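Lettered A, B and C in written order, each chain numbered from 1.
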Amino acid sequence: MTAMTFPLPAGTRIQRATQEPAWVRWFLIGLALVFLTLFLFIPLVSVFYEAFKKGVDVYLASITDPDALSAIKLTLTVAAIAVPLNLVFGIAAAWAIAKFEFRGKNLLITLIDLPFSVSPVVSGLIYVLVFGLQGWFGPWLAEHDMKIIFAVPGIVLATVFVTVPFIARELIPLMQAQGTEEEEAAVVLGTSGWQTFYKVTLPNIKWGLLYGAILCNARAMGEFGAVSVVSGHIRGSTNTMPLHVEILYNEYNFAAAFAVASLLALLALVTLVLKTLVELRIKQQDTPRGSE
Amino acid sequence: MSTFKQHSILPGFNLAIGFTLLYLSLIVLIPLSAAFIRTAELTWSEFWTIVTAPRVMASYRLTFGASFAAAMVNAFFGLLVAWVLVRYHFPGKRIVDALVDLPFALPTAVAGIALTALYAGNGWIGQFLEPLGVKVAFTPLGIFVALTFIGLPFVVRTVQPVLEDIEAELEEAAATLGANRWQTFSMVIFPALFPALMTGFALAFARAIGEYGSVIFIAGNMPMVSEITPLLIITKLEQYDYAGATALSVVMLVISFILLLIINLLQWWSRRRSSKT
Amino acid sequence: MSIEVLHLSKHFGTFTALHDVNLQVNSGELLALLGPSGSGKTTLLRVIAGLETADSGQVLFHGEDATDQHVRERQVGFVFQHYALFRNMTIFENVAFGLRVRPKKFRPSHAEIRDRVMALLHLVQLDWLADRYPHQLSGGQRQRIALARALAVEPKVLLLDEPFGALDAKVRKELRSWLRRLHDDMHITSVFVTHDQEEALEVADRVVVMNEGRIEQIGTPDEVYEQPASPFVYEFLGHVNLFHSRLHRGHAWIGDIAVAAPEHAEAEERSAIAYVRPHEIEVERVQTGGAAMAALVVHILSIGPIVRLELVRKNDEDITPIQVEISKERFRELQLTKGDEVFIKPRRLDLFPNQYEEASKSTRL
């Protein structure tokens, strides 16, 4: 679209029928920006400020500390397991829900959304109840010398739990809106089930899939409450980055805590940028179909 | 085939629904049911004593009070931010729009320590509040600040699309009938936004009730004063009081489910209200 | 209340929506703004209402300048194509809206509002729907409510933007004649926008034909149909056949037949386009006195009492078929079948000399 130039009206003209006076507009914009500055921009900036307050050397030392590196490694590992698992789940759930009509569908959608409404602390606790020493499988696991709670598997499970809905809830409305005509056409033309999925469905949902994966990844890497309950906080072994931030902070090692936190803040910013870009792509993909 | 599923020529239903149900059962349903089943081992009076102990009651009051206040503030400012983003143009709008989602993307622990540093007596914001006698960090007020941060995107993101979809003609019709801008807003626009606003409010409220990471740093965590319910669960767990922790979890879960139900009803209402027939 | 529009111009970026438009709407008349999409008709209506601001020009209500008046103060009733009813209000509340938002000292009492709203609902024959919500009504009912709502504030003029555009054909026709009767009862100065020529010709006292931001012609339905002022109006209103012709000393030559054109007595070898309506072409089996064109019948389509013929002229490189409409009676008389040779001549034609040629000639002189 080319830039439009609107000629300024000559002399005083009436304000448009559905617009507020200029002073109202600028007052509202100002008020909104003051609120966002106080509650969003300043906290974000302060993370980086505090991280570099004691200098770049302290910053680099903090994030290359062996315990920090181990926390980074664990966080990446957990995300690398949780995101693909939920990706497969999201596709399967969306395929069943969006492409077929069956009873209890709304209940199923609600169940998928359930982890969003559960407190992170409770999310961790329920795994302790199942796999902890006092839990259902605790004695059996101890007998076989296996550890889930206060170990990496527990962290993975808790993370998977809190991130279950992300990809499914992006895909379900998207695939519902796209309907089943294209897949039916493909089946009529003789493609197999997997071919139909790869050649017809996947290209249509790839941006929605990516969008969900980005959000899922951000939460997987940043989850604190649920992981905190099941981790046991063992340095260098079961500490994720957010937990490492907590330990450093509670030891009054603020510079190091904010240094590690700044990496997570950076992750958040990258997430927002990617999310915005993908949203643009989705809009572009939708426009030719939506118009006329 | 039974009436469970309508006929379709597309393949893969059995595989997809089978995997979905298995996964949900293993990851979500069985662990969640553990909380209820373990609680059932308590007698009713034991349960009642645990979940109504004075320290617990204080934590409910704090959690719900702060969450409600934060959700109210978010309802007001969320509507304002959504309005400004949809209706007006100003420099940097795209960036502001993207940054609204920051509380979704920023790990809660990071938000927690950042807000604590800001609102502590010597922090960027705290230093201006302290002379006025306002203490934020390590008080219930701090909890309110953290929960406001956490809930900020919910109202904006539920109201924004509805506001975008309101036809210009409705406002023009109001104007031709002699209504001024305020009357148009309060009688035409606001009623159309209201279900979405309520949904956003409920989402922010539900999120705030369960919130843990951003709150514990700034709260001070004093029993009876600034101790939220999720923290109390952790405390009981650390004291190996599994029964107590589980009982409180069940209370939280039941509240979550009720809120989820309300949110679903609100969304249904919102869709109905905004659907163009 | 009369409306006067003086030298209105309006641009959207590089697009010219209105180009120096002048128009007089007489008190009490029902005027149609007719044109294709993008002709500026809706923009003109919105500028009159005050929903849009023109770049230059004036709008006068009853001789008074209203250009700088806000839409709230203009006291116009406006009906939107998609009704724009308030979904969260009942039908009663929708109609009462304009009265209830008045400042306290001008606001009628509850009882008065009630009476007036019910009277209006009675007028549009929907008083039994007062407690329903808009989504419970059909499209035609909604548009009648929208009209009642616009009338509730006792507007000085009524402006309707494609009021029947979103309705299906049958409801459209019913509402059309209903609007005409309503207007005859109330005599409120009304302007409505439409792209449907049939609607404009059937309902309006006068029709304004617009094209590319300009007014092409203003006249009664008969005038614009029978005496189109420009090739555009000819082509836009009804079917028409085009013939390339030469004007020479009071005659128009189409191929080798000549038709008297006394109003072009001075023309010397000028090219012109002749417009002939399909029903104003005579068809004969044999060449009877006077000049006639030979043509072949390529298609016959019978629609009710009328038979539409498609003919192709013999010995002519122009293969655009000629459309002819004759009565079924005449068709039976002629006993035509596909492939027959016939002779045709225009009963009446309108000639529009080539503008460009005239311009170039005058510069040469």
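In the analysis below, a residue touches a chain if its C-beta (ideal position, glycine included) is under 8 Å from a C-beta of that chain, and two chains touch if they have at least 3 such contacts.
Every value quoted in this text rests on a predicted model; they were computed, and no experiment measured them.
The chain pair sharing the most C-beta contacts is A-B. Relative to chain B, the chain whose mean Cα position lies farthest away is C. The distance from the centre of chain A to the centre of chain B, with each centre set as the mean of the Cα atoms, comes to 16 Å. Inter-chain spacing, taken between the CA centroids of chain A and chain C, is 56 Å. For chain B, residues touching at least two other chains, in rising order: 172, 175-176. Chain C has residues 51, 71 in contact with two or more other chains.
Shared interface positions of chain A, i.e. residues touching 2 or more other chains, are given as 17. By the touch rule above, chain B contacts chain C in their complex via residues 167, 169-170, 172-180, 183, 187-188, 191-192, 273, 275, 277.
Contact residues on chain B toward chain A in their complex (touch as defined above): 3-6, 8-13, 15-17, 19-20, 23-24, 27-32, 34-35, 38, 77, 80-81, 83-84, 88, 90, 94, 96, 98-111, 113-115, 117-118, 123-125, 145, 148-149, 152, 168, 171-172, 175-176, 181, 184, 206, 209-213, 217, 230-231, 233-234, 237, 240, 242, 245-246, 249, 252-253, 256-257, 259-260, 263-264. Interface residues of chain C, counted against chain B in their complex, comprise 49, 51, 71-72, 74-78, 80, 82, 84-88, 97-98, 101-102, 134-135, 146, 149-150, 152-153. Chain A meets chain B in the complex at residues 17-18, 20, 24-25, 28-29, 31-33, 35-36, 38-44, 46-47, 50, 88-89, 92-93, 95-96, 99-103, 108, 110-115, 117-122, 125-130, 134-136, 157, 160-161, 164, 180, 183-184, 187-188, 192-193, 196-197, 215, 218, 221-225, 228-229, 241-243, 245-246, 249, 254, 257-258, 261, 264-265, 267-269, 271-273, 275-276.
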